[in-house]
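Labels run A, B, C, D and E following the written order; every chain starts at residue 1.
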């Protein structure tokens, strides 16, 4: 069994860096822990869920996907390829790793997105099993587990009461990573820690059933009233993947950019005519919930929510998908049951 | 298009005073540095802060804003409105790294051709001394549409 | 897609010497949207213009950039050429490669490079030009003159003589203004009423002039050429159509002791009265505050004696809307209240009077029949002290400015006094003598040399009344360097000239600026002295600054000329540089409303078909907008734009300067 | 529009009133001191003399050194502030003028407080209000003194004489026209006297030349009193020790000249001796008798 | 005594009497825990954790009992006035802490709601002041803050920045702005960001790049801050909404101090205030013009 002292994660990062990997990991800046490129000396924070998700490594907020040079009244295309250096993503949470199934599916179901795929191929993911779950966590309600990361290349499992991390390679890339880091890994037994209890739970089956028949429920209006219509939840979400394409032009040429976009923003579905098929926040919030818990499972057989709880942590108004799911589950409680039913 | 290393100065001027002042510099054959590019507006009051941000974004080494002297505005008070705007904007830009060497304000009347020429020469000299802004410009767009090395793959690996 | 033509002018050698015009034309040919680019010796010459016209027609150009001299020089020339060729003139722009380039740079390479960029800027702008039509506003060829003093009367007569209708609005019962109160006028000493009353009568009888006396402006809507002014016609309680002005009513009115405003309180009037015998119209009004019938329901004598039954106690204020195309403000002045000068008795000493009171004393039609009598006891004052600059040029207690007319009227007063009281002594305390008009200095010298007025340069520190009733005037003779005390029978203060109370309110109604004292602001202090920031509103007389009669009359005629000029076309044509609000995006923060120097941005209610208000947004009045674009720049959501200088155009110009 | 940001001025009447006697009240104007203190006792106002007060700098300091001229009153005010006194009464008109003028100057020149504090060796936050004899008495009247004036003097015709120090100088007499002040009128009427209109209420008494050019004082003071006489006055009411000495001493015998505090003291039933009236050069007995000979 | 009973009574009364159609306030979070297990600084979770207060939208008098108010009620509810769903329910009442109150006054000055369309259930600190019209709210705000309030820590940090050379300032800010994802939570949380179409969403022309890259982020953060100049009441909603913890209050406080220093303007105290950008004074600073 290969393991690593929990306080030597930086050494692991340094070893990988030396082996030619670009390392991304939870690092802190200005009091905020973010998934970001690691640089020597930076502490890797395993005690916090980063504010952004692993998604950013494969699908950054903005990237250039095309370039053209002006030529008279026309343009000459310049080949634009993704920047995809060999990368090791360290200490990603199981819920973030779980979202890769959604991203892989959506970026490859028809058109194969070479920018996403190139980075996906160039990146090895070493997940970190959770040792704690906070009140926003709900991975177990959406089919996840805090202590397993299917889809990762390796798993770092806390052991010996958090002092040690057991390194479990899961794929060949994971084994390459372990090999590259062999200098900092040690052999020997360690007692894996018990997974944390995820206290928050709702019945996803009941939610799904309710969604199927309640597109026009007045509950959407009530649930969405606190929503101010920003994209904080979507951008923090490991599975949200909407984007907008913008051309920025100048006298010398044009750059085509792919920028994140979000269904919560009022302009998301605004037509040039001025018509907006999702005219209010209720229909936008419904879309977000439906997409995650109904449309994506139906279309890709994967949930677009992995229970990471980030939406609840970043929302300026304290809304969260879990809150909504719980309300729906409650609304879906058998209406004709003994509790609410007509006395026999 | 300008010579390599020459500073780029974007000037936002009003039609009635400073543009005419620049005309007078011309009719008086006053020589000044050729790096300035004038964008003519009806009034300094028309100049949105976004014009200035956009000029810096595009790589201007300095921006000049110039119009009628206080009290002389063709539209009576456009320049007063503008002055209040700049009183705040220049402080904000300074705080975030675009200091007063890069952002110049001046009142130049239609009669002040000499002042216009002197100002352009001074500003050009000042900007030359401060050096090119590209590296330190926080507003700068760094999205070369046709970067020299972009002829081939940009990946190192 | 744009089809632009670029025409690079050599201006003989003027541009060609330093700028390689052929190279500029060649570079411009490669700019996006440019289909035609040539250079030529003189673009403004006939062949040059023909070249442009031909290209527009043959190549179906959608826009033209002429790289030549300053647009201030030839933009008009080239735009009219474009129009002749069927291209909207606002689709032609000029790149200034002469004044801004060839004349100011020596290095041919640098100047050529700059010229190319200047052309590029204008190409980018022109690609985004839209065809504009000059704003045409119909003009209602009727003028309103506010204020029936000499300035207002003069403006009204001149406009009427020009064949246009005039509505003359006067707040008092009669036109005539302050000039009607004067005895004689400087520097000629001709009788004020003798020269004024014919003008008053002419104004009243002119077929083009409609008098609205006892009336005030209550509200103003609209803009140049199309004002709708609401006039409050104050209740007169006398039907002017029935009244013949016979005087039976006022002779019988028992309220005999009401101080006459016209006579500066030195004479009395009745509750039903005409302010002075030569009043126009010579029809009385009832002072509702003083009439016992109106106050207590007792009396009614005037109604009983009126042979025509013209008195109507049920009369009420009425609002009347008047449509006019231009307005002349001639609201005049009033005198500084010397109550704040405690050292001069603070208004409590009966024999310390102001200039108007002296005018009334000296006037043959005044309360004393022209005899100089002091107010306290009616005795003829044997010594009179005149104190200049009471309130003027006194930043501490009064006003900082010079009232301009006091030096002259004080000299006149001293003269009139000496003409009437041959053994009287006239002493004038002054700071400086400012006598800069034609014949003015000679006039003051006459007062001193011929009429023996004693001029003392210095300020008066105190005036008080001795127990024997005489006034002690203590002052300084700064030329002699010693304090002086004069025992006087009467003191005349040359109170400062200030705008009429309430002038600010009127200015706000018309959107006219005013200074901290309330004087109306002209559009430009040198070059547009009778216009205001509000198009179609002009100024005449002392409402703009202290003025004497000739200056007021001259400005009134100038305002009339401006008005007639405005009325010379059935429609106003204005540059189509106009701001426009995108109603869909306006959030109604009203920044633009506060910002507009012309009050051209107003609230607008967007309604549904049923007429209920959906939302309120800003809207620009085309008639008032002058195109400065200040509102555009304060709009946070950029939902206002300016035709001719749109955001898109300016953005494209700035973007065109992007560094490679 | 921005709302006011200054804290409201400290209120008078709350707690003790600081007392700044200055040099006059211990010398030539003992009767002013006596009558003010006596009147305060009647009204139930507590006067607390500022501990360790110093010269206000009148007459000399302001013509020599402007900062020092401010630092002297500044120190006295700073002491009052440190001693918890929100209001300071300076009965002497010259002291009042210096103290009040210092507050005005401090408000106008932001750097002055720092310089004065350096010179005085004490900090001062500006939380002290300065009142004159007129302001003080008007305050007492408003707070109930009017009701205790049991011995009015209805037969007397008085003229109020303000002189210069109580009315002139920027900010000295808030809101009043320095050319026609009226601060004493209400108090004189409260004492039962009638107030006559006259011309010399603010004319110069010659104060500055009291010692150096006595004949000028005789002329100026004489003119004041003859106008009072011509107006038909029985007495002149003053608030300033300089005015008092010039009219009472230099023109002795012409007409009774009383401090406002003395007049009010008489109306409150205090004895002439308790008010120091026996110290006058000009016999004031007719006044004491309420105008009855 | 807890203010909650009278708050609830007033809210119920207003609804019952039909004076308002909606009361916006705070309620306890149903699952309101004792705070998240994530350590301090792990993530910006200003509201989800902590006191567990959530916005409440009450339309029926009998539900007024859900309302609570205490120091944990830090969300600026005035931001809801820009939601069309909320505007459609005017007249409404809003529970107004001092910060919310100042925002409402500022919005009144910008004619964002009609006279009589809004009542405040006003608090000063945690003391309930009763039902207030906007004018009264302004008086309350002036009383509560006779002196401008500025965070001294922010002042210290600004002074530190001011001492650096411009290039270092540029680098410092660029590093921070580089984390901006353009989620616009700052804009959403701000009551003053009520434009129907934000300038960054205008694409003809595109003044502000929507890309979350250096130039777009700089332009966005500059123009957001500038558009608040003289309007920002320093409630801090934008900064606490920012998931990335960008130091937005440095910008806001800096401009608010400039507005006060240069133009004597303090936002949120006068419902009849004219806009700072949109008015002028001949005596405005002219020293930076040559």
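The rule is simple: a contact is a pair of C-beta atoms (placed from the backbone, for glycine too) under 8 Å apart; a residue touches a chain by one contact, two chains touch by 3 or more.
If you're wondering where the values come from, they're calculated on a predicted model, not measured in any experiment.
A.B. asks: Can you identify the chain nearest the overall CA centroid, using each chain's own CA centroid?
C.D. replies: Going by the distance between chain centres and the overall C-alpha centre, it is E.
A.B. asks: Pick the pair with more C-beta contacts: B-E or A-B?
C.D. replies: So, comparing the two chain pairs, more contacts are at B-E.
A.B. asks: Using the average of all C-alpha atoms in each chain as its centre, how far is it in Å between chain A and chain D?
C.D. replies: Here chain A and chain D have centroids separated by 82 Å.
A.B. asks: Chain C to chain D: how many Å between their CA centres?
C.D. replies: Chain centroid spacing, chain C to chain D, equals 52 Å.
A.B. asks: I'd like the Å distance between the centres of chain A and chain E, where a centre is the mean of that chain's Cα atoms.
C.D. replies: 30
A.B. asks: Where the CA atoms of chain A average out and where those of chain C average out, how many Å apart are those spots?
C.D. replies: Chain centres of chain A and chain C, defined by C-alpha means, are spaced 69 Å apart.
A.B. asks: Give the residues of chain C touching no fewer than two other chains, as numbers and ranges.
C.D. replies: If we look for residues of chain C contacting two or more partner chains, we find 584, 595, 634, 638, 647, 651, 655, 657-658, 660.
A.B. asks: Enumerate the residues of chain A that touch no fewer than two other chains.
C.D. replies: 248-250, 252, 257
A.B. asks: Return the residues of chain E touching two or more other chains; collapse runs of consecutive numbers into ranges.
C.D. replies: 199, 206-207, 209, 211, 213, 277-279
A.B. asks: If we count contacts the way the header does, which residues on chain D are in touch with chain C in the complex?
C.D. replies: The contact residues of chain D facing chain C are 177-180, 199-200, 203, 230-231.
A.B. asks: Okay, in this complex, where on chain E does chain A touch?
C.D. replies: Interface residues on chain E, with respect to chain A: 29-31, 33, 36-39, 41-49, 52-55, 57, 75, 79-80, 83-86, 176, 179, 181-185, 187-189, 201, 203, 206, 209-213, 216, 237, 240-241, 243-245, 247.
A.B. asks: Can you name the residues of chain C that touch chain A in the complex?
C.D. replies: 1, 30, 32-33, 120, 584, 655-658, 660
A.B. asks: Applying the document's contact rule, which stretches of chain A touch chain B when the two form their complex?
C.D. replies: Those in contact with chain B are residues 64, 67-69, 78-86, 122, 248-250, 252-255, 257.
A.B. asks: Per the contact definition, I'd like the list of chain A residues that touch chain E in the complex.
C.D. replies: Interface residues on the chain A side: 28-34, 45, 47-52, 61-62, 132-136, 200, 221-222, 225-226, 228-232, 234-236, 244, 246, 248, 257, 259-260, 262, 265, 267, 280-282, 310, 312-318, 320, 323, 326.
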